[in-house]
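Consider the two complexes below, in which chain A is the common component and chain B and chain C are the respective partners.
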Partner chain A sequence: MTGISIEATQKGAFTVLSVHGPINSYTFTELQEKVMKHVGKADLAIDLSGVSSMTSAGIGVMLAAIEDAEAETKRIYIIAPSEVARLAIESTGFADRFPTLSSLKELPA
Partner chain B sequence: MGLTLFTYVSAVLMLLGIFRVKRRGRGSDLRTFRFAGLLSVSYALCLATGYGLAISDSATALTLLRLAAFFAATSYLAFFRLALSYPYPRKLALVDLALLALGALALWRFVFTDDYLVQVRRVAMEYLRFEGPRYQLLSGIGAAAALLAALVFILRGFRTVSHIYRQQLFVMAAGMLGSTLIGYLVAIYLPTHGLNTIYPIAGTSGLVAVWSASYSFSATRIFHVPTLAKTMGAWIALFLLFVLPLAFLSGVVLQFRLSIPVIVVLSLSLGFLLFGRWAERFSRGRFGSARDEEAREQLESDIAHIDLSVGRDDVLSKLAAILEAEFKFSWFVMLSETDAGDLARVYPGADEAIVAPAEAAVIQILASLPRPVVLKTDVIADPSFSGSKAPLLEFFETLGAEALVVAREGRRVVGVFAFGPKRSGADYDILDYESFSAVYGKLFVVAYYIRHVARESLLATVEKEVGLADQIVKSVQDSIDPINHPGVDVAYVCRSTRQLGGDLYDAVRISEHRWFFVVGDVSGKGLNASMSMVILKSMIRTLLREEQDFIKLVARTNAFIKEQLPRGTFFAGVFGFIALDKGSVYFINCGIPVIYFRSPGLDTVIEVQGEGKMLGFVRNLEPYLKTRKLALPPGSSLVISTDGIIEAESVRGERYGKEKMVQIVTENRGASAQEIVDAVIKSASSFADGKLEDDITILAINYHGHKEKKA
Partner chain C sequence: MHMPAPRKRLLKARIKIPNSPEAVMHFEAFVRSLEFLSEREKMPLLVAGDEVVDNLLNHGEVGRQGIRAMVRKRASGISLGLFVQSHKRFAQFAACLDEDPPSGPRYNPQLRRWHGLGLTMCRNLARSVHYRAGERMDRVFLEFPLSPVR
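Right, the complex of A and B next:
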């Protein structure tokens, strides 16, 4: 089974988490732990361009991260979601709840 | 219009304060309050209009200002009457008669004589009032009525045993004193010190009295004093640091309003933006609860992490210790429903003494309470409890409790958590109520565990916590009204890839031919998703009994998820009603990915779910919801599935997808509902090499038609 890899880097004020691989019920815990480590403490960008599949477990992590960031008035962006990630986000009917940028270059200062 | 605008606005605000109080159970006290409030509104309107006309029509202005003074004095008399009876309405015929006579006397002296006011004029920005010979006497009588009302409120507050009524009476007293003080400052003190331009805003003084009384009528919980002090301090700071400087800036800018209007507008806009921004930053975290959200989440987390495998007594001991640290009560009792439907004590001690037998009226009352958390002060002061006040208070007295949390499943009371007085002697306050409400979901799970699992003999044989929780989940999942009807063949599978999951299927029989059903997936995996599912299923059943409107039912479920379940929880599924006598399904798609429909007249399977909005993303979902209707001809089939099937992946990372599922459903034309379900799961499982990674719920309905039942 393919695993997930999450790489954390810094870009300006943002901590960038670049996710590669599938986000499903086996892998979401790792993503959740990494996201929770950073969210609310710093501005966060989650790069989903390398996501190969994404189930509702992944949507749950994203939603919790967005709500946590909002509660702490920190900025959070989803970056360049892959086709499958974009479809998963759109399936919620609330794609506008997921602040999305098409590339890391668009991150505000 | 100038300053009179403030008075007109205050009149509107007073009307809002008067009519926001619900009528139910208030009796004559509410009528007295509304009468007093409407007199205050009349005072404000006459005063503002009177001063407005002072420049053009001094005769009408004079009459209106005399009427205003009469309304002010009589509103204080009405508040005095309220002070004599609140909170226990009673008839005081002689007092009423005396007050009526005083009112008539006031009307005569204030309005039809020159005793109070002889003339009023406006010269430039100044108001010139020519007061009558008994102006001071009449004004003094009005103020005395207000002070007397405040005094009676205070004295009765001290004599009242109930703390909530004491708080209400003191708030009303504060309102009367505040109103009198403002009236004195604006109508007497400041004008005699050279500021007679502000006469018109004297009419706003009634606002304080009206809103204090309005708040008291509605407040059924004790203030949390530190939070109240903190919030008031923040308001004062906000006023001094931001509002006053902004007002000063506006005043300075307006001095130049005629010369360069564009600059005035720009300067004011900039000022409002800047001060607004600073004030918003300043306000952040300074208002509201003194206990931070983190502590509440910690409490939720502590309860959620109680090890359920240690046995009933230890679970309840740990729960008691966690709750005691938060609420600092003197003792805690838990009651659980027995198999006979009684409520028996299960903690402390293991005697299981029956506290309320199944037939006791209080059990029905607890089952139909408007909310699961009830403070004793609510029962005493909230008129919505008026019909059940006596048995509820008796129940509180029997337990010696001050607060109850009632765990319910539909109309059944599964358990009751009763909390004794606080060690400090303080009452349970608004924040305690909010904390109880916040952890209700977790307490429900404990109550459910105690009721259904803890006493089972299998407890000793199940070793892992996950196994225990699985028992809860399974017992909840199995607790459905199966759609057994000759006109239909229904089959479903609801299972988790691990032992625990958030998938949900429930059916509730509404009538002989009609069922409500819900199919979906609560986000997350494992224990947390399972617990959310257990709570959600229970809540949907409760709402189903309360809510007649389909869309509102879903909207309320959404609000529950957003407000009560852990942050980030959402639900993707479908809510439906199936009417087998009509051959119709009504459904609301809330993000279910698959609803396939096959008509006997068509060879193909079509998707009918349409677009949907998942639950848990926005606070108010109602505007997004649409009910769809699907006619089911005899011989048609409906297959509903959560995303577990179509998201299944092969070892090569390929997705099972909708097409393969359509193919299987199409191939199984004429098969039974169970055969369709089995074929889909077998196909997906085989595609994923036996490793389905997500929870699966699939429901198949074959409709045979209503006529077949008759045959």
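Right, the complex of A and C next:
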């Protein structure tokens, strides 16, 4: 299996996208489509706790989403990135661009 | 009485990864299975190695032989070698890195794409990253420091 699964739910004002599986060149378009559908239109939380791997293809999607959300003055958070996802984000050298929360419970109202 | 010195355990493993969309997952399973690496040591190999394998598959030309991966642990550090059938696109990329290495990732707003992000990630995770084109095989070598025992 090479695919990812992305589930969209609502938590207060936030649309929560829960991502499971690997994010790489073969799977990132699915993530991109889901993110683009919601980003800038609603506050968005992307739960990366179930991500098994993440290459720069996935990082690029996250960065574009953060840019788009900020441009539309919508809130966006990365939630509980798995160890590999966290390391991938840190390895870019600009982890401070990723607003990260350790759990969905920390989402503001 | 002369006692022969005990032979050092060879901390080395290899795998042949098929040229398929599952290649990244094969590589991950390989790294996760390495008993001579701590969980902490596996993480940078997974992230940087995934990046290189992903790029070889999507921007290079992986031949029928697929990708060969080798991991070796020594007192000086951990080496990851990735080998693919030689291809001119790889040689061009390797030459670019030697002659005019990018200073960092760049965003292309027209394409909405980042360039050089994966290489930056690898360079930040590994002690060294080398792309070497060869006549028969192209090679990528990454060196990682050992993780201190906690």
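Going forward, the second predicted complex is superposed on the first by the 108 of 109 C-alpha atoms of A that agree within 3 Å, B and C clash if a C-alpha of one lies under 4 Å from a C-alpha of the other, contacts with A are read in each partner's own complex, and residues count from 1 in each chain.
We adopt the following convention: contacts are C-beta pairs under 8 Å (C-beta built on N, C-alpha and C of every residue); 3 or more make two chains touch, one makes a residue touch a chain.
Note that the structure is predicted; figures quoted are calculated from it, not measured.
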Combined model on chain A where chain B meets chain C, clash or fit: clash
Which of chain B and chain C A:Arg97 touches, first, second, both or neither: first
Touched partner set for A:Leu87, first chain B, second chain C, both or neither: second
Which superposed partner A:Ser56 touches (first chain B, second chain C, both, neither): both
Chain B versus chain C as contact partner of A:Ser25, first or second or both or neither: both
Contacts of A:Thr73 with chain B and chain C, given as first, second, both or neither: first
Chain B versus chain C as contact partner of A:Leu48, first or second or both or neither: neither
Partner chain in contact with A:Val35 - chain B first, chain C second, else both or neither: neither
Doubly contacted chain A residues - partners chain C and chain B: 1-2, 22, 24-26, 52-53, 55-57, 59-60, 63-64, 91-93
Partner chain B, residues of chain A touching it in the complex: 1-2, 22, 24-26, 28-29, 52-53, 55-57, 59-61, 63-65, 67-68, 71, 73, 91-94, 97
Chain A - residues contacting chain C, complex: 1-2, 22, 24-26, 52-57, 59-60, 63-64, 83-84, 87-88, 90-93
Chain A partner contacts - residues on chain C that touch it in the complex: 21-22, 24-25, 28, 43-44, 46-48, 50-51, 54-55, 57-58, 104-105, 107, 112-114, 117-118, 120-122, 124-125
In the complex with chain A, residue positions of chain B that touch it: 284, 293, 497-498, 521, 523-525, 566-570, 572, 591, 593, 611-614, 616-618, 624, 643, 647, 649, 651, 653, 655, 691, 693-695
